[in-house]
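Two complexes follow with chain A in common, the first pairing it with chain B and the second with chain C.
Up next, the complex of A and B:
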């Protein structure tokens, strides 16, 4: 019997247009393994959604593609880790602090680097945010060293019906859901949230009705950075990290944002789920890194067929 | 009728030609180059390693190992055949980036390096070796495993003391199953876990070719990306239930593998590794904990039964307050080979050093392998990756017996 990626195969006959052909049939793994894959798909999808939230917020309101998003995540990782290591206290205590720090960092970055070039061509903004990325990552590397690090925390996993749910990823998923709901409520129910939505819908119109666009911009960038910080602070709950890990998450975050719809929070979560499931099941059933072909194939397909994304619109969605 | 010495024309000509002659004479005096007589007062080793970026921890220690070799030679009186010429190390940061490999090599050559060494990352080493080859400067690889560096196109100036990917895989397949079977267990199936780059692909590809020779079927082959987790890969291993999971990854990815195994309460009967630095790093072994205990790993190694090797390890740790692992040991060995070649050549001329390297036999070195001598492709004819085992969370050579510091156990 042949094997492909360890799966037992057998030949079956297929009738195609009167011609008999043979094909290899891949047998399904056990239900326990399928359940495990579903669990990982959900967990990974939620984390991708969390990572994409801040990115979609900034782009939805300001039309700025923030290449420094991954670097913001890394700053949060090191804030939590450094404070937790220095004090001996649980890293959970410092996650909210990291969010606040990143809000401040986001506001500062916007005022110093983005605001002066808001009217400039978009490629200028890309280059500037890329520069911010390089500065932040290099600074972290110099100060903390490039060695991989971990939170000093002992999280296990929960066994459910033959599948295992790593506690770190479960907590990150809960954080993602809370972040999406919280951000949606903020945008729907608060004056500032409505102002942000209005600015995203019609920037000029918002200005005419008295909304302070510049204030909205820096607050939005700060909130986007804070959301990046929340994602960054959550990731080390289940993974080692180093100054360069932001890039790996950023690439898929861009795909999630486009897939879900630029500026859509539920879209970010939905897009994250799609990519998460494709990655998990693709890794399991497809050889090597072929799953990446599928992910970027979906990306291109969405751009062609549904350019506004699955739930595209603005932060009002 | 003729020009008198005092005529302007003759004076101008005299000044012109006399000045030109002076310049030529001065140039000849000040520009003492390798190609002139090969007798510099300083022997310059150019070291190209990742001093920043993902691999900076390992790269910095490797660079320090080369510096240590130079320091010890200088303390010993320098290069005797060059009247005590001192060994100097100049370095370039490759950042672990392939596009910087040739730039680093060229910068070192421009700065006067007589021999180059580097670079840890296989793609970077390939690029640097190409630059060295093009310039006719000898290059002794410190650490880089990919066969392609010396296999894809003939190189006359590049040498590799360590075993390459094929050799490492071959050594692992030749030794690990036999050791396990001698202990009363068997290995019939294997899962491969590898970093998805040249390094990981070359070693895992070689393992896939050789394992069936020992009656071992590869039932799963799972790559991991930089910065990725290993959850799905471990689920695949759970589904395929191999007797051994062999990993060829860097530090962080190996930790991800162990962490994912712990989360899924899964551990195969055996763990293996080929060229996996994580299993040679004390702090990483401690972080991985009991799950890593008993792992059988093939890598180049410091000779654990050689007193001089132990002395050098202690000297390194005292000097730099850094850990001395297999990569560091191999870098020191590369420097030993270079210094020996210059000593034998009695010259800093590139061609003379290169000719010496092509014929050299280095018997006194600190790695766990026989004497180092290079074949026509530049590979070490006697390259060997001994078999380690993680025992009490320490990496211990268990095979072959001449280099073993402990017995293997299950």
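Up next, the complex of A and C:
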């Protein structure tokens, strides 16, 4: 698997007022730069929240750590990119289609690989989803080549109160916020959503009150994959992508999910914001990819000291 | 047809009885290692004009033995004690880096580097175990914690230029730290000596693994795996024994990393700490049979040569990973006990068939009576 050079926020130094400030030269950044970093942190945090949402949902309901989550994102990127390049139409038209495709793919992956071993030890599901990751990512690499790609769209950036907001990232953030609110309403207000939450709370109990947990499982996995697909389809709006980019997002999404509390919904958003800010500020103030060391440091500390996360969840016996 | 399956069944039954003997595993291991010793010479042999193993290059065999060694080492911890590690790349990479740093930065013997790497990896494993087990991490949480430590090292080595940074190290020539090619320099002009060195590593790790399994230590390990609370209740200090398991496993995994550093020309964080290394380390054990001594060796010979062949000889990037993925999914879904359990499964299926056949004939007879 290839290295990943996250360009999530682009070259911040260049974007900010055209200056080429680097980490070493700056001791006290101006308020304008801080404001810009906060904006980038919010934008990236929302995307992390969306990426983590599907992961935490699958974990909360099914107790499965889905390593294929990042691969699902990549599949969605290539679905949108391939269709929009083939037809010449705007990629935005194909984002909803990618979500539907990913729901189907998620249900299929669940029925073939997860359902037969739901009762097996936890490691088995981890290994199987990693196998799915390898198959999906390498098939894409084989079919589309490992070269980086990008959507054929030209998005500018807008200036708000002294801070620049790249349009692609703004749209991605709006997509993320709408999806998060939509999923939240679905889980809170509909019968199916309540059944899913009930199953997450207590699988046995849900079964006793007549919830068909097998149906809940495949719907959950499908929705989780669809959310991964939505996140995946939105990310190329602001960065280039290749078949391996899912790994980087997946690993940080694990951090987000554990930080927020495995299975916790608001936790995923809070964790997403924390990691988004750490990444943006870390990229600016620390050399190289040291921010990633900080992120894993946080991850390990949370796992050890606060395994239930910031907001609920908790290690299951 | 029935006769053939009968014969197969009795042969398998005899094999089953043989496997129950105390000497079965050592005898099978001896046979396996004798074959492995001769393998570089017999792989080119032709039978009726066909050389079935000719596609196996020495390089593929060496890589196969590397992953067999790591799987054997991983197995001692995750197979025996049941603490599933998804971060053994940390120990593999530490072994590789300690060795290459010894020869590149200090011009000392790679063997000393390997010893340092092994101890460092063991201590790092001890540290991971100490913090994780103290906080009672298990299952998903433990797997994620081990992965986090491996990824942490990847980014640390990537960003610290004193240890090569992202570009890593290029293996120096033997004259820069030793006299010439040879055992002392851990560098050779051909692949054959490398093959026998990694075979020796595998042999030593296998013997350690076997001795542990047959000892009281192994008994405690398996007790922890089966039911940790019960093990603790009968007085086994589970925390201490889990730490022993992770330390031994980590220290031995570093050997394979050290070999990797001296066999390949470059070492980078992305080649030894990569996410996929975590899988390659443990895959043979899962395919062959978790918790068995023979399984990791058999497992590596089932997956690695095919994947390496796909990677080296077929010009299709990613095909080897697809093979890994398919094997992972298939083995976990259909045979979670690994290939090693197949003789017993076949005999079960055959017995089942015979039972059905017998029942239908008796039914036939009884219906004739009526």
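Methods note: the second predicted complex is superposed on the first by the 284 of 317 C-alpha atoms of A that agree within 3 Å, B and C clash if a C-alpha of one lies under 4 Å from a C-alpha of the other, contacts with A are read in each partner's own complex, and residues count from 1 in each chain.
The rule is simple: a residue touches a chain if its C-beta (ideal position, glycine included) is under 8 Å from a C-beta of that chain, and two chains touch if they have at least 3 such contacts.
This one's a predicted model, so the numbers in the text were calculated from it and none came from an experiment.
Judging by the criteria at the top, classify the pair chain B and chain C on chain A as clash or fit.
Result for chain B and chain C: clash.
Once chain A of both complexes is superposed, is A:247 in touch with chain B (first), chain C (second), both, or neither?
both
Regarding the shared-chain residue A:157, is it in contact with chain B (first), chain C (second), both, or neither?
First partner only, chain B.
Between chain B and chain C, whom does A:280 touch in the aligned arrangement: first, second, both, or neither?
first
If we overlay the two complexes on their shared chain A, which of chain B and chain C does A:33 touch? Say first, second, both or neither.
After superposition on chain A, A:33 lies in contact with chain B alone.
Name the contact category of A:199: first (chain B only), second (chain C only), both, or neither.
After superposition on chain A, A:199 lies in contact with neither partner.
Which holds for A:84: it touches chain B only (first), chain C only (second), both, or neither?
A:84 contacts neither chain B nor chain C.
So, A:148: does it touch chain B (first), chain C (second), both, or neither?
In the superposition, A:148 contacts chain B only.
Quick one: name whichever of chain B and chain C touches more residues of chain A.
Partner with more touched residues of chain A: C.
With both complexes superposed on chain A, which partner does A:220 reach: first (chain B), second (chain C), both or neither?
In the superposition, A:220 touches no partner, neither chain B nor chain C.
Under the stated touch criterion, which partner chain does A:288 make contact with: chain B (first), chain C (second), both, or neither?
In the superposition, A:288 contacts both chain B and chain C.
Identify the residues of chain A that lie in both the chain B contact region and the chain C contact region.
Common to the two interfaces on chain A: residues 3, 141, 146, 247, 288-289.
Under the touch definition given earlier, write down the residues of chain C that touch chain A in their complex.
Counting only chain C, the residues touching chain A are 84, 86, 131-132, 135-141, 143-145, 147-149, 151-152, 155-156, 158-159, 165-166, 270, 274-276, 279, 286, 316-322, 324-329, 332-333, 336.
Touching chain A in the complex: which residues of chain B?
Touching chain A from chain B are residues 52-57, 191, 196, 219-223, 225-229, 231-233, 235-236, 238-240, 251-252, 255-256, 259, 262-265, 287.
Can you name the residues of chain A that touch chain B in the complex?
Residues 3, 5-6, 29-30, 33, 36-37, 40, 44, 141, 145-148, 150, 156-157, 159, 164, 166, 238-240, 242, 244-245, 247-249, 279-280, 283-284, 288-289 of chain A touch chain B in their complex.
If we count contacts the way the header does, which residues on chain A are in touch with chain C in the complex?
1-3, 59, 63, 65, 113, 116-117, 120, 122-124, 126-128, 130-135, 137-139, 141-142, 146, 243, 247, 251, 254-255, 258, 262, 287-290, 292-293, 296-297, 299-300, 303-305, 307, 315-316
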